[in-house]
């Protein structure tokens, strides 16, 4: 692993950068990035199962404090990182977007766990949002259900690497007049309005779930309800229907 | 503990006019309006079924059902399963909240999921979905929206917020609007071969 | 030894002497003031920064984990990184907030905490300003923070903030009273309001004749320290920012450097309160063998450690119990304590110990009995087979 | 000239307003995305309306579209602290439906896992309760330290820390090796010591007693009528433990007692959980000692391990319930003879235990509402499903 | 009881932990932290994270036959398989497309249980994170391939058991084939018997 806790080595990229921009800007950049990467305060914000692993990450065994990131702030104003830990339902999504809008720049988002990335195992539910990246930009996606605490630490280091690559003059929140606030979706009669924000996310042809994996509901189509009024079938054999043999590997 | 058949005769004897039917191990109450009377009998007679463990709805395509599981905490006996059926168009069942506080949230849940209206419930609102949600999501004919396709309402909302909607998406939404359709995740109607 | 003891005094003198060789006298006088101010202005924030690190490390250790250790050796650069980040963070003023009070509050809250440094005797001859009403000055200045807190809470236009501000005001009013009253015995015995004189009054027994080793001093110390903890809103009295109840309390809506200023004020307050507690009851810079300023810092940091230790252990008190504790328990106890100190002053030998100790122990026991609501009930649990 | 009366409360010129605040869905101590609409008079709660559904993940609908085994990993995600207990209930329901016998060893393994889960749950809940009380994470961290040790065992046995997906209809997925049993025995040896330490930290703490005793009192009659179950019910003094009442699995073979509280306040709910952990340890000790050799899967069900989709229970319905750490966890499954259940319903203890939240909170302070909620012990995954 | 003793006892507990954290073992009140990127916890053999596809010896020789069982059994339906066809349009026994959507996968291990060909197993690798979920977190066939040696490394017990079972089945199959061949020969020699013996049963069905 190429992770360096102090990020003090001067690599080739940095040298060429030094040649281009001069020492002052580069040092400033470095200082600035170092400050942000070493003091990422997450928001105390858990949604579901992954939140427990997030807490476990802050606890003794894994100790996120080593990275200076154990100060879980309850207020979005004071936090730098939103860890979307758990399923974002349609009922919760507006609040998540609002919290994101309330955070002060520079702000980062890690989606922790399958659910917050794309809906995860609950993707076919009527109240489950298929990924919070439909409304807000995400910096690091962290798959797993739930990801191990170590994986969250890995995600944090991934975020630190991302921060290391940023520069003051190109980071967007120092551009004039730009504030990253995204419209908060409304509740509609069947789901959220809008279903996604095309500024942030657009559907991809290759991943159309309906075409690839079929419709979300299999048995909405069962046309016959069980009739419990009838007495149970005579016990032919106590066993349920025997298993069909798996398909023959031999053709 | 009495057997289900004995229980049936006992209740029918105690509350004249009620008819119960044996459905497997449970009792089907023919007339939903008797529910309160039967429940009161269950709670206050020597059966002592003071604990309503579970209330749930179910959709059987032609009718909706509400299933109650009673236990007795004092006598540590149970369960007595009571079921009540109601039609799909105008589902109405008396509420047990006055008798069993524990039914309050569970009846709200069944209302939210199946649209069963529990008469006499003090606060019958949707519990999980938001107010303004249409449809009863756990019914078997509920159709989910297609979350990949924008509809005209979404496009209008986005443009109102000053978000630029890409042309192809907008065109698709307009097309749908013209056809008067919603973007659904399922093809309506056809039963899928099992 | 003597040089080591007076190293700061001597170095300041050296600088001034050096300046005096080529500058007029009034400039040197100004420089004298400037050096003192500079020393405090640097000491305050640096103390605060490293107190945050200390707190994180100590609580980490109490929880069987390491705490920050990746930013610099042993995490020593962690506070700097936090500072850099805080400085570059966006400053948000919520819509509809009272912009003026929202802006002023964090500045106003730091000023009194810095001012309080002025009267603390850091070592022999190292009191920045030896006011003859030092203790009074300290108490007056430190209690003004509540105005800033209330401004912050009101200016944020947030209901949680307002709740926090209200709690803060109530807490400050209740705890100021026992705090002041608990200082009275010290003033009574020392006969002066000047912090330096109070320290000098504790000379003797090889530098160990501290007020805390007397019955009234012990009680006054405990009360003063508890009230001090309450005064700087630290656990278990951290109601104004009670995380689990009212999100972040009065500073919910603050971000970036403004939030850092609140933090700074809190930590500087805990430093000054601990420093004053050490001065009043633990003999200040008095102590054998070691240089005086080292003794002072040792005592102060020990008290800060206790504050952090409280934070790592204790749950929070509820708001009405907090008030009850102040008015029904600490207040009467301090009044009795003043009486005890008076008796101590007029009696001699073993009798003074006996009298004061028995009066205080008796009243403590009586108060415990009277405040039955605050003592745990005995519970019996049955088991069913 | 009219006479004006002056009173602080209500009538007259000094009219106070109530304050409406939203606690949640993002709030440090609502245990997830639960929301309470609270109306406050000062700090006293006038009305409290719980709002749920922020984590409504359509578990029931998804399960009705899933093979029976396919729902097993989803049940893990119901109450994500106690995946093993959730598996247990679901497996029992389907076993009842399809009339499957479970070998003795599998029963033992299930009981061991369920009781270990209870330890994990109760210890974490107490930790979180203390967090709600405002302790700075220390109890949670101690709790999670022990939890990690138990999770290590889960990981070794089932392959995952939290989402074990371990039980199968008719048995369990993997066998317990003697080494694992020895490690469980090792944990059992150390756990009582930890519990003692934990209790020293908490049980007699005056602040905890002050905050918890006589707060949120739940009378036994209301508890029974509101279908409250689990430790919460037993804290109110009702002797009802499904392990005893139903004697499901092999619980009748084990000697253990059911601890009962007397008042039904937050403190009783806290302490009953501690006592329950001690009883769980007893069960575990017996189970580890007496676990017989033999199969871990019913012969009938072995083929379905490889092809879950072919498992089609006969038409019928079943309701099975277990004593999950949070209360009665019931599964109601209706089969229509195909591979997917027709109706699948979870009777979630956290959901139903919340019915009386408003009754408990009215008249208390905001801070109390938080700890009452903490003592009810909800998990949103199960509450909203 | 004197007011405050409970608090003092509690304070002693945290102080004890503070002091012991400097010299005691993790289990007895010492530092419990495992400093993750440098030190790791011992990996549990059964730990499951995401699935991978197993191949023997070289990546061409993957065990998956594109039977689609795992895709159908997968509870959240995150596996997408397209069978490979040769030029004549005849289906081959290998997947052309084998995608696992890591953003949906719930690590339940049911694919591993259901696979009749020992082709899909759960990996221990958890250091997966990316900014682009579409490009990086949709794993295609080639990303998923891992060798049998790797499998042996992460799960020695299971791997050797499975290998032994496969070898046995292989031998049985060979024996059966040899028997069939012998029978064939015998048949030819005798030119009398009518029916050749049954084709061998698949190895993994057992």
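By letter and in written order, the chains are A, B, C, D and E; residue numbering begins at 1 in each of them.
The rule is short, and it goes like this: a residue touches a chain if its C-beta (ideal position, glycine included) is under 8 Å from a C-beta of that chain, and two chains touch if they have at least 3 such contacts.
This one's a predicted model, so the numbers in the text were calculated from it and none came from an experiment.
When the C-beta pairs in contact are tallied for A-E and for C-E, the bigger tally goes to A-E.
The chain with its Cα centre farthest from the Cα centre of chain E is C. Distances between chain centres, each the mean of the C-alpha atoms, put C farthest from chain B. Mean C-alpha positions place chain C and chain E at a centre distance of 59 Å. Between the Cα centres of chain A and chain B there is a gap of 33 Å. Distance between chain centres (mean CA atoms), chain A to chain D: 27 Å. Between chain B and chain D the centroid-to-centroid distance comes to 25 Å (mean Cα coordinates, whole Å).
Residue positions of chain D touching 2 or more other chains, listed in rising order: 27-28, 53, 56, 58, 61, 73-74, 77, 137-138, 141, 145, 148, 163, 201, 204-209, 244, 306-307, 316-317, 334, 338, 342, 384.
Of all residues in chain B, those that touch two or more other chains are 24, 59, 128-130, 137, 194. Annotation for chain C: residues 62-66, 243, 247, 312-314, 374-376 touch two or more other chains.
This structure has the following touching chain pairs: A-B, A-C, A-D, A-E, B-D, C-D, C-E, D-E. The touching residues of chain D, when paired with chain B in their complex, are 52-53, 56, 58, 60-61, 222, 224-228, 238, 240, 244-245, 316-317, 319, 321, 328, 330, 332, 334, 338, 342-343, 345, 347, 351-352, 354-356, 384-385. Taken together, the chain C residues at the contact with chain A in this complex read 56, 60, 63-72, 75, 77-78, 80-92, 243, 247-248, 251-256, 259.
For chain E in complex with chain A, the residues that touch the partner chain are 31-37, 40-41, 49-50, 65, 67, 69, 75-78, 80, 93, 101-107, 116-117, 126-134, 136-138, 199-200, 202-205. Those residues of chain A that touch chain B in the complex are listed here as 91, 126-127, 130, 183, 186-191, 193-199, 202-203, 208-210, 215-226, 228-229, 231-232. Chain contact summary for the complex, chain C toward chain D: residues 59, 62-65, 159-160, 163, 235-236, 238, 242-247, 311-321, 373-377, 379-385.
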